[in-house]
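All remarks here apply to the structure that follows.
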Amino acid sequence: MSDVIAEIRKDYIYGLAKRQERADGRALDEYRPIQVETALIEKAEGSARVKIGNTQVLVGIKLQPGEPFLDSPDMGVIITNVELVPLASPTFEPGPPNENAIELARVVDRGVRESGAIDLSQLTLPDGKVWLVFIDVHVLDHDGNLMDASALGALAALLTAKTPAERYGYGPDAPLPIKEYPVAVTAVDLDGEIMLDPSLDEEMIASSRITVISGAQGALAGMQKAGTGTLSSEEISRIVKLATSKATQIRDDVLGGLING
Amino acid sequence: MEFIKNGKRIDKRLPNELRPIKFEVGALERADGSCYVEHGGNKVMAAVYGPRAVHPRHMQEANRAIIRYRYNMASFSVEERRRPGPDRRSIEISKVSREAIDPVIIKEFYPRSTIDVFVEILQADAGTRSAGINAASVALADAGVPMRGLIASCAVGKVDDTVVLDLVKEEDNFGQADMPVAMDVRTGEISLLQMDGHFTLEEFEEALQLGKEGCTTIAEMQREALVQKYQGEGHE
Amino acid sequence: MEFIKNGKRIDKRLPNELRPIKFEVGALERADGSCYVEHGGNKVMAAVYGPRAVHPRHMQEANRAIIRYRYNMASFSVEERRRPGPDRRSIEISKVSREAIDPVIIKEFYPRSTIDVFVEILQADAGTRSAGINAASVALADAGVPMRGLIASCAVGKVDDTVVLDLVKEEDNFGQADMPVAMDVRTGEISLLQMDGHFTLEEFEEALQLGKEGCTTIAEMQREALVQKYQGEGHE
Amino acid sequence: MSDVIAEIRKDYIYGLAKRQERADGRALDEYRPIQVETALIEKAEGSARVKIGNTQVLVGIKLQPGEPFLDSPDMGVIITNVELVPLASPTFEPGPPNENAIELARVVDRGVRESGAIDLSQLTLPDGKVWLVFIDVHVLDHDGNLMDASALGALAALLTAKTPAERYGYGPDAPLPIKEYPVAVTAVDLDGEIMLDPSLDEEMIASSRITVISGAQGALAGMQKAGTGTLSSEEISRIVKLATSKATQIRDDVLGGLING
Amino acid sequence: MSDVIAEIRKDYIYGLAKRQERADGRALDEYRPIQVETALIEKAEGSARVKIGNTQVLVGIKLQPGEPFLDSPDMGVIITNVELVPLASPTFEPGPPNENAIELARVVDRGVRESGAIDLSQLTLPDGKVWLVFIDVHVLDHDGNLMDASALGALAALLTAKTPAERYGYGPDAPLPIKEYPVAVTAVDLDGEIMLDPSLDEEMIASSRITVISGAQGALAGMQKAGTGTLSSEEISRIVKLATSKATQIRDDVLGGLING
Amino acid sequence: MEFIKNGKRIDKRLPNELRPIKFEVGALERADGSCYVEHGGNKVMAAVYGPRAVHPRHMQEANRAIIRYRYNMASFSVEERRRPGPDRRSIEISKVSREAIDPVIIKEFYPRSTIDVFVEILQADAGTRSAGINAASVALADAGVPMRGLIASCAVGKVDDTVVLDLVKEEDNFGQADMPVAMDVRTGEISLLQMDGHFTLEEFEEALQLGKEGCTTIAEMQREALVQKYQGEGHE
């Protein structure tokens, strides 16, 4: 997309925003259709494919016995990685994770970790080892809002994961001890208009973006602002309220079956 | 380990039988062309970008497009989690796979540009390089890259002194030989050939023919998948 | 662990009290601008080079300067020696810090150039990214980079169910929430916001206001440090 | 070499091939002179320098006690590496092994491993460790057909290698348990004319190249096609037959002394 | 600095040298003012900031229990690293240490090690481990003669360092067993005129530079010539004599308090 | 360990005696110039390519050739296999070796180009950097690179309080001092000087002179090797 076209596209999207509209016809606080499929990868201990509109990520959970951190010998370990493989976007390049992939991985990781989604104290093993929980996010198609798709994929995959205890001689396989259901909701601000679930176009022209991760009781578990713009505290407060309520809706609509199943 | 019992293999197939294969053309939105393949327990996504500009300019060729091919395994695609990023095996596979698809691409149409093929192994169960080449070939067609024909690929091997088509993991790990081949479907010529293990000259001849038959069958599926996608769509 | 006793924190501060902060403008000779900051137990040096030419030309922007920001910890800055070089944490912090200072820099004045900000954490005691941003902001001014205003930063958190300003190491490690913020001092708008832990919506609102107050106080110190350096010096 | 000269050179070599001739006067199935010297590197447990015409490689074998692979605790371990050091060719660059070096190393490695050249089950040590066998190929002069030179060097070096058992307190040094003698023969196809042992020029203009590794009984142990050309199954069959018979000749002529010594 | 200016600057400095003068008014054998401050970094086991004129380095010493080298099980281990962080000079770039940083680190390391500055045999621990002594040099401002500043900083930091024995359960903390006080003196030769403590300008135009490290008794512990020039043995002898006597002076003047304190 | 007994060293040499040295000029075909050296237990191959174009253009110098020098040890060159690729030691040695040969090369003849020197240590037994420089110097001459003269190099050291020439491994590892030097043979000036260990000023003076004598002897062998190769060959 050349710069001139980009400029025209930008004006168009800002123009729509002023009229509370979006290029794909959604309401400002409306998500694109969300699809979650689980257990697609039999070789992984848990897996989920999440589509939000044309955005598509595949998350695999692998579990293996390993050493705990020195300062928390009685806790399992979470390791989160995001691969922005070049298959998913013309702008992604092969190579080690860049700052965007690292930020994505660390925000997803903190969302799971800081919300207490997994009861890590239950992941110890009789021989002093603990379960290492690898959350690997493989981005397949990037059409905006990778953050929400990745976080949702991580949670869905964790919800269906089982410890491979038998394979390692630790007794029967068991589901992971999931205690909280953190859901990420990302917003952009276009001239004061707040839009949830930004498409790639919206994401690219918005000068800042905020992801708000909240738990089942509506409390905040994580936040991350990205982009070179600024936001007033009023805008932030509005986004936070909107995000927590939307998170509840997504949790119920999309993950309900997994959580209560 | 007994691999063949009453003429049937451990997954009940005949020696010359392929595993179930499914092609899904255009599985991705952003890529110029894409294809998702399930081949037995393998799950593979291929995407094609290009022809597009080559970035480090010294990589450009004055009178033709270059082809780049990246075979990559997802961390969770195998039993033991693998560290992300290329290892020696995937670098070799990327090379031979690129050379396997290269012969059918009409590179002269796009000087100074690149055609990039990305293959992600989402789940691995023996034969991933072949599944990747099969997916890549269809993704190239889906991207509208001008080609002289399709490339199809499968492996042949030997278990219990019998030449068999399309090995599963156990046959690959504990069998006597493994030989992936890729074929230009139009001419029947071979564009990829690797082998390790133990073949007599006679077994090798048998295996090569069996591999070509496997490729022919797969090529038919590739063509059908493409037709299915594009039938009903008008011509430009 | 009890964090608040008789209304005082483990280092005797009130919940809304900053640690002692000291700015030293122009601490380095070679850099175009620099600032050394001590903020509680944090010791941080920031340097600015530029606007200057961008080396890999494809990184240039036709109509504005690019900003680069490198947050780096010295090996000896923490209890357990850390291996030199960037890790995932410092790469993330470099990104959000760059985005935190970007809004006030008038980049249009220097097309095709770069403004490089280097922050070295010489000793770390919670809140290093904020200390780094505070130092960087002053170093940018010291370098004469045209800015719409200063950026100030501090963290807010929660310990013993109380919202507190400017966490020390123990409060950060064992507390209930941590939220670094950075603010454009002129407009009061937020340019960096991260949070992890547990906040109710009410606590979050309280924390955000407390953070803004902290930033306002720090901004005053930044301005004083700059004035002190440049007072007595004539205008060009 | 500029493109024009390359084009002329190409026409010349193809022209010769049509008349069953080669630029250096060899017959199509004739190798350049092969020289093998062993035990040049006293610090290595085994070593061999192989020259095929102007192509020259030095192979060193180092042995050290180490951990076996988890899935084969009773087997020694082979690790093969090829260094295309920039001393050997104006086109080689410093840095980690590129795809050509990796392919070379992996084909040599599979040739040794899959042919059963070393009886790995005899490389266990009393304390649960096994011998790690490092095969390091150092390419010194690249004038084509590195594959055959490297494979031959690896075998010759292995044939003269001794375990440094005494140094590590495992009793007396002993030769390696060599059970098979895999020899690689590489061919190129120029317009239907098959040439063995391609020189650098021939290698560069041929669109495909095949290496065939065969054992003492004439059975195939490995194959690798390289290059962007295709080959008919008839051509491949011809090459395979030619290669296995040539391998026998090389084994007898060049390695006879080492094998029977 | 453009090439023309550089050329003029070069002529100017050479012209001064001919008259036994320097751009900053120093005598040829005179150092810029040296300042040493210690114990600035409380989290490090030892630390020192050294300023020589505008050149500024910060050295931190970290100690941790670890494995000795196989061939010296009864000796502590010294690991020296120099970071030429891009904050210190417009010519420094981010990334792993380049050849200049590596040379600096290795010369500082050899100076400490080969002079016997630390009695490594006293750094063993009761459980078979030894103290690993990390000497990390962080260059903050580069205005020439990093070698002397780094070596001086390393020694000053070692002199104030204490083992963190208590933290690791090895009894009370103790100062390091320092036995020798190696001081580095660097000289450049400009058309036969020897200048000590070269400024950045002098360092850049001199074609060669020598660092001489000597101990308290005046014996040589290390030397390193850098640069693409040559030196006659007479010049080298003069430099060596000058350097050892200057080292004594620096040791007394700058480190006296630390050594005798 | 007793290093000197009845005036003889552990390998029966006198203190001022070099080990046996052998030069083979033009040992490689592809390189523009090459030289194989055996020096005691050291086996070293040097190759020179150039003057040739410099690839990353920003490395070019407008009015002279640049010199690049890569010292590399083969994995099997030492007792314990070493991992391939440069380590800190070889990076330092590459730097000082490059600086050692640079002074005699007439770089002004070839602006914007590079002269590349590659030294491979095939077997190491103390003094590899000197053996490499000696080989490189001859390889440069063999490549026809215009030079003002040859560079010769050897090490001097101290064992049993005696200054000795050309240390072997044991003397290097367990001796009292090690000092490699390189000399411009034409002028007697020193282009490489490193030292570690313990020398009194008097010992240093003695060592420096002994080193120069060693270099002079080696230079004679270099010259002879070159003459032998080129005698009988006509001039172009």
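Letters A, B, C, D, E and F mark the chains in the order given here, with residues in each chain numbered from 1 onward.
Assume a contact is a pair of C-beta atoms (placed from the backbone, for glycine too) under 8 Å apart; a residue touches a chain by one contact, two chains touch by 3 or more.
Just so you know, these numbers come straight off a predicted model, no measurement behind them.
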Touching chain E and also chain F, the following chains: none
Starting at chain B, fewest touch steps before arriving at chain C: 2
Listed chain pair E-F, C-E or A-B that repeats interface A-C [over half of contact pairs the same by residue number]: E-F
Between chain F and chain D, distance of the C-alpha-averaged centres to the nearest whole Å: 32
Distance between chain centroids, defined by C-alpha means - chain B, chain D (Å): 27
Where chain B and chain E are represented by their mean Cα positions, the distance between them in whole Å: 58
Mean-CA-position distance for chain D and chain A (Å): 49
Multi-chain contact residues (two or more partners), chain F: none
Where chain D touches two or more other chains, by residue: 97
Touch-based graph of the chains, sorted into line, ring, star, complete or other: ring
Cyclic chain order - from chain B, heading first toward chain D: B, D, F, E, C, A
Of chain E, residues touching chain F in the complex: 97, 99-100, 102-103, 105-106, 110, 113-115, 210, 218-233, 236-237, 240-241, 244
Sites on chain F touched by chain E in the complex: 88-89, 91-92, 94-96, 99, 102-103, 179, 184, 187-201, 204-205, 208-209, 212
Residue ranges of chain F touching chain D (in the complex, touch as defined): 28-31, 34, 41, 43, 45-47, 49, 52, 70, 72, 74-81, 84-86, 116, 118-120, 122-125
Residues of chain D defined as touching chain F within the complex: 40-44, 47, 54, 56, 58, 60-62, 64, 81, 83, 85-90, 94, 96-97, 134, 136, 138, 140-143
